[in-house]
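Below you'll find the structures, each written out as structure tokens.
Across the two complexes that follow, chain A remains constant while its partner is chain B and subsequently chain C.
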Partner chain A sequence: MLDYIIRRFVYTLITIVAVATILFILFRMLPGEPTMQVISPAMDPAVQERMKKAFGLNEPIWKQYFIYMKNLITLEWGRSFVSAQEVTSILSYRFWNTILLMAAGMCMTLVLGIGMGIIMAWRRNGAVDLIGTVVGLIFQAAPPFITGLLLLMILSYNMGFFPTGGMYAPGNRPDGLFDLLTTADFWHRLVLPTLTVGMYYISTPMLIMRDSMLEVLGSDYIELARAKGLKSRVIMIRHAARNALLGVVTIAGIMIGFAVGGQVVVESLFSWPGMGQLMVESAAQHDYPVAQGTFLMLAILVISLNFLTDVLYSYLDPRIKITAKGLS
Partner chain B sequence: MTEINKDPLLSVRNLGVVYETSQGPVHAVTDVSFDVQENEVFGIAGESGCGKSTLIKALLRLLPDNGVATADRCDYRGSALMKMEGEAFRKEILWQEISMVPQSAMASFNPVYRVGDQVVESIQTHRKASRAEALERASELFDVVGLEPGLLKSYPHEFSGGMRQRAMIAMALSLDPGLIIMDEPTTGLDVLVQERILRRIREIRAELKSSIILITHDIAVIAEMSDRIAIMYGGEIMEQASTIELFENPHHPYTLGLKNAFPSITTMGTELISIPGSPPTLIGPVQSCPFAPRCPFDDAACHAANPAATEIAAGHVVRCVNYENSAQFRSLAKEKSTWLS
Partner chain C sequence: MSSSRTSQRFRKLRLALREHYRIINSNKLSQFGFWVIILFTLVAIFAPWIAPHDPWEMTYDSNGNFASLRPPSWEFPMGTTHLGYDLFSQLILATRTTLLIGVVSGFISIVIGANVGLIAGYYGGKIDEVLMRITDILYGMPFLPFIIVLIALFGRQLEFIILAIVLIIWRTSARVIRAQAMSIKQRQYIQMAKARGASDLRIIYRHILPNVLPLLLLYAAFNIAWSIITEASASFLGFGDGETVSWGGMLYELWLSGKTRVAWWWFASPSVCIILLVTSLVFVSRAYEEVANPRLRKR
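Here is the complex of A and B:
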């Protein structure tokens, strides 16, 4: 088990280094000088040269790469071209806002989706099964910027149940995470973006859960569980759902990765001050240090979540340990 | 013979199972009657698809949704199994009174739970026992089937096929049931492991008072283990008798054919004769003897109606219109040409 986790962790680190390297190359391939925002072409060439030197841009590319990597590790992620704030301090605030929204969305998606999947498999070909499948697929087919807009239009603009966006009322910025989480207003504002995320992704865990439940229900150990005289609820939950969960966990890792990307749309739509919104803003303003930091942070988030999925999987399926040993 | 017929443990009369399929009703089991006595091994033998497994699924109410079982009688120690309320059946009969060793022990343990926990689960479902008490019982059971009690902590995939089979038998014994149904308990195991498992089953049977229904397609295994045998074909019991009677005085042409198809020590060196053709599909109502198309001794009567079961001696039941000619059949059945014509 530990052996497997350590190896997975090393792979995770290698992946992060690879992503950082790709980012380094990408940002240097962007059209135009990345420094155009700061170093105006109108300046005296000698001054331009001196500023380039200050940024280390006159060094050979390999040396720049090592400085870049060193700075990443020591958390010297630079300052925003626009606000001159430290990138790390901007990110540390934005990071948690994204996590909160994602956690809410994914919890809703997974809990409801898995629950629905179990019920649909249990009562297969029944009303719940049919409605669940159709509604789930409609939600999945509708892009979040449409469902989000519809929700805003109906529930917020027409009916006035919810505010149109933001994480807190203007001028009411909470001090720190605890203060935020204990404000009723925050939870109120969380509802619509969570619904938007949840509606878009729910069909994935729901249909996967339903299908793997049906597959598991046909297996010999379920028949034996029935022969053992277990209650049907126990068979459904302890034997069927527990084993069907394996399929969902695999998909959940991939789905969460997509959801992080989808976060850009949802955050922009609901003016949610998270990393997705930051990414759009910084790209629009050519704020390269912030954009680079946001990209990297999101990549690290996705890769770490995949690592956690693998660990969870090895805990859920005892057979994986043997396989891991066999492969090493 | 008359005295064992008193108070059988399980008494089944005219049990039938019909599956509704898109191609019409499939009569998987038709008109099956038998008794299992206390402390007896009752063998059911037949080819794949003859209805053996459907029969036990019907007894345990494990039939899929499209399967319907009917019976004039299906009594276990006086309680009518088919008429019991579902919840009572689950609590009082399943595993507590009738347990089973399934056909595929390999796949019948849930792969994500430790073997010991699965044995504990079967105990705690029916008895008020603490986890420690249940584990204690589980290690006793492992001891009975010849497994290290330490193996209770293992996962099913860490067991060999033989070990899983033993663990399954241990689990089936966990509540001292009156009847254990063993569905092909040694299929897929190599001969040595098979022999060890069979020996263990015999020892257990001597120690405990459970009766066993042993289902197999292996005539050798069934002859070695059973007190009485029923031969099934096409969803019906073709012949039923005590083991000795069945092998010394077989009446049904199918029994003769089955005997031919298995090697025996006394007739070593003679060529095995198989029965040409394949089992019936069982779709639609039964209107003739199901074995008639493959039977070398068939005549018009065989194809006209499905023969009724006849008790030709105490406890010896044959379902064949021509059972009176069995002496002639027996000598003819030894010739390969009889079966090929």
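Here is the complex of A and C:
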């Protein structure tokens, strides 16, 4: 077990290094002056020359690669072309905003989705089952910018229930996480983006939960539980749902990977000051240090979440054989 | 001799078509999806002949007034934008872009995914290890951000959008097909073909490939659907090809114009098209899912 986790962890690190390498290659392939991605062309020539040295841009490419890697590890991610702020300090603020929104969305998705899945399997082929399937599939087919826009148009523009975006009222920036989480305004503003994220992802856990519930319900130990005369509610929750959850955990990693992508759209739509919005802004303004840093941060987020779900899965399913070959 | 072979091929093809017909007609939803896809395909093919206006033509109504922000009417069935562009024409021409991106990236990605999966699953060992590590690395790439970075670096052209989608999207099909190929490899007839001295390539493409075909079709449909959603999302964020109209791009223009509060029709038609097409693909693929995974059929 520990062996497995350690090996997975090493793979995780290798993946992060690989993604960073791909990023390095991509940004060096950029047409034009090779210094363009780190040094703003608007800067003073003397400063540009000094920065060239600092980033090793007059060295051969393999040496540049090592300098790049060293800078990544020592958190020297450069400065924004636009605001001249340190990329790491911008990211450390944006990171938590993304995590807050993602966590809210995922909680809603998993709780509602799993609950709906159980009910749909229980009342299989009933009205809830059919409506749940069709509505779930339609939600899944609607990209978050469509559902988000629709929610904005109805609940915000027309009815005025919710603000159109942002994490706090303009000019009312809270100091610190605690301050933020204790204002009612924040929770109010969280509703629409969370709903948007939730609607997009709900069908995955819902349909998977339903299918694995049905699979579990056909197995022998459920028959046994029935024969023992246990109440059907007890069988559903205690016996069936617990085992069916495994199926949801398996896809949770992949789902979270996609959720990071969805985050980009939702944050841009609701002007949520997270990493997704930063990604779009910096890419549109050709603010390369920020774009590069944000992409790397998002990738690290996806990769570590994948690692966590892997570990969680191996912990939840004792049957899993962890051999030298790995999970496969 | 050759003519009888041709007729045999023809019969095979007819049998295969009948099989697909049966699968698609097996339930109402996939039937609905099938006809929607056919309709969109026809619109995409004949787009320039159906569209009444140029997508970027400032239109005037029959009284000669500039037609800006008109709600749907007989003259402008889907309404117009603030610059007087006819949304009906934009929608029709955008169908072409969307379908082109979907089909091309769906097709290329399934070809890559199938080959990687089959080769990794069949050979196993080192080859499998290397290919699957590459797939793992791709799973670490956040999809939409990757596309945004690629387009920001290399330009907002259709080719780069397709390339960016293809580079990432094959990962899922490769994993699934590898698993299937690994289980088929164990079957007796493969062992027999090997004993008869069939080459590896022959075994992979003549014996294993036909058995993963339903799965391939299923993932081809998924890949097309994902490509369409991804392209629409990228376009909505302003990273689409500026030279062509697309459904996501139409919504981006709406967002940019700031007319979201008034022009509901501008929002409605591209959104309905995206949802309709993607849902149809999902409905059809679910029918194939039952073939690929017979355990589902009983439910």
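List of remarks:
Keep this in mind: the second predicted complex is superposed on the first by the 298 of 328 C-alpha atoms of A that agree within 3 Å, B and C clash if a C-alpha of one lies under 4 Å from a C-alpha of the other, contacts with A are read in each partner's own complex, and residues count from 1 in each chain.
The rule is short, and it goes like this: a residue touches a chain if its C-beta (ideal position, glycine included) is under 8 Å from a C-beta of that chain, and two chains touch if they have at least 3 such contacts.
Keep in mind the model is a prediction, meaning the values are calculated, not measured.
Superimposing the complexes on chain A yields a three-chain arrangement in which chain B and chain C fit side by side.
The partner of chain A that touches more of its residues, comparing chain B with chain C, is C.
Once the two structures are overlaid on chain A, chain A sits at the apex of an angle of 80° toward chain B and chain C, using CA centres and rounding to a multiple of 10. After overlaying the two complexes on the shared chain, residue contacts for A:295 are found with chain C alone; chain B is out of touch.
Of the two partner chains placed around the shared chain by superposition, neither chain B nor chain C is touched by A:9.
By the touch criterion stated above, A:124 is placed in contact with chain C alone, chain B being left untouched.
Residue contacts after overlaying the shared chain place A:261 against chain C, while chain B stays out of touching range. Between chain B and chain C, the minimal CA-CA distance in the chain A superposition rounds to 13 Å. On chain A, the surface touched by chain B in one complex and the surface touched by chain C in the other have no residue in common.
Of all residues in chain B, those touching chain A in their complex are 60, 62, 90-91, 93-96, 99-100, 102-104, 107-112, 121-122, 125-126, 155, 157-158.
Residues 219-221, 223-231, 234, 239, 242-243, 246, 316-319, 322 of chain A are the ones that touch chain B when the two sit in their complex. Chain C makes touch with chain A in their complex at residues 29, 132-133, 136-137, 139-146, 148-154, 172, 225, 229, 232-233, 236-239, 248, 251, 255, 260-261, 264, 267, 271, 274-275, 278-279, 282-283, 295-296, 299.
Looking at the complex, you find that chain A touches chain C at residues 11, 14-16, 18-19, 22-23, 26-27, 29-31, 124, 134, 137-138, 140-146, 149-150, 152-153, 157, 211, 214-215, 254, 257-258, 260-262, 264-265, 268, 276, 279-280, 283-284, 286, 291-292, 294-295, 298-299, 301-303, 306, 328.
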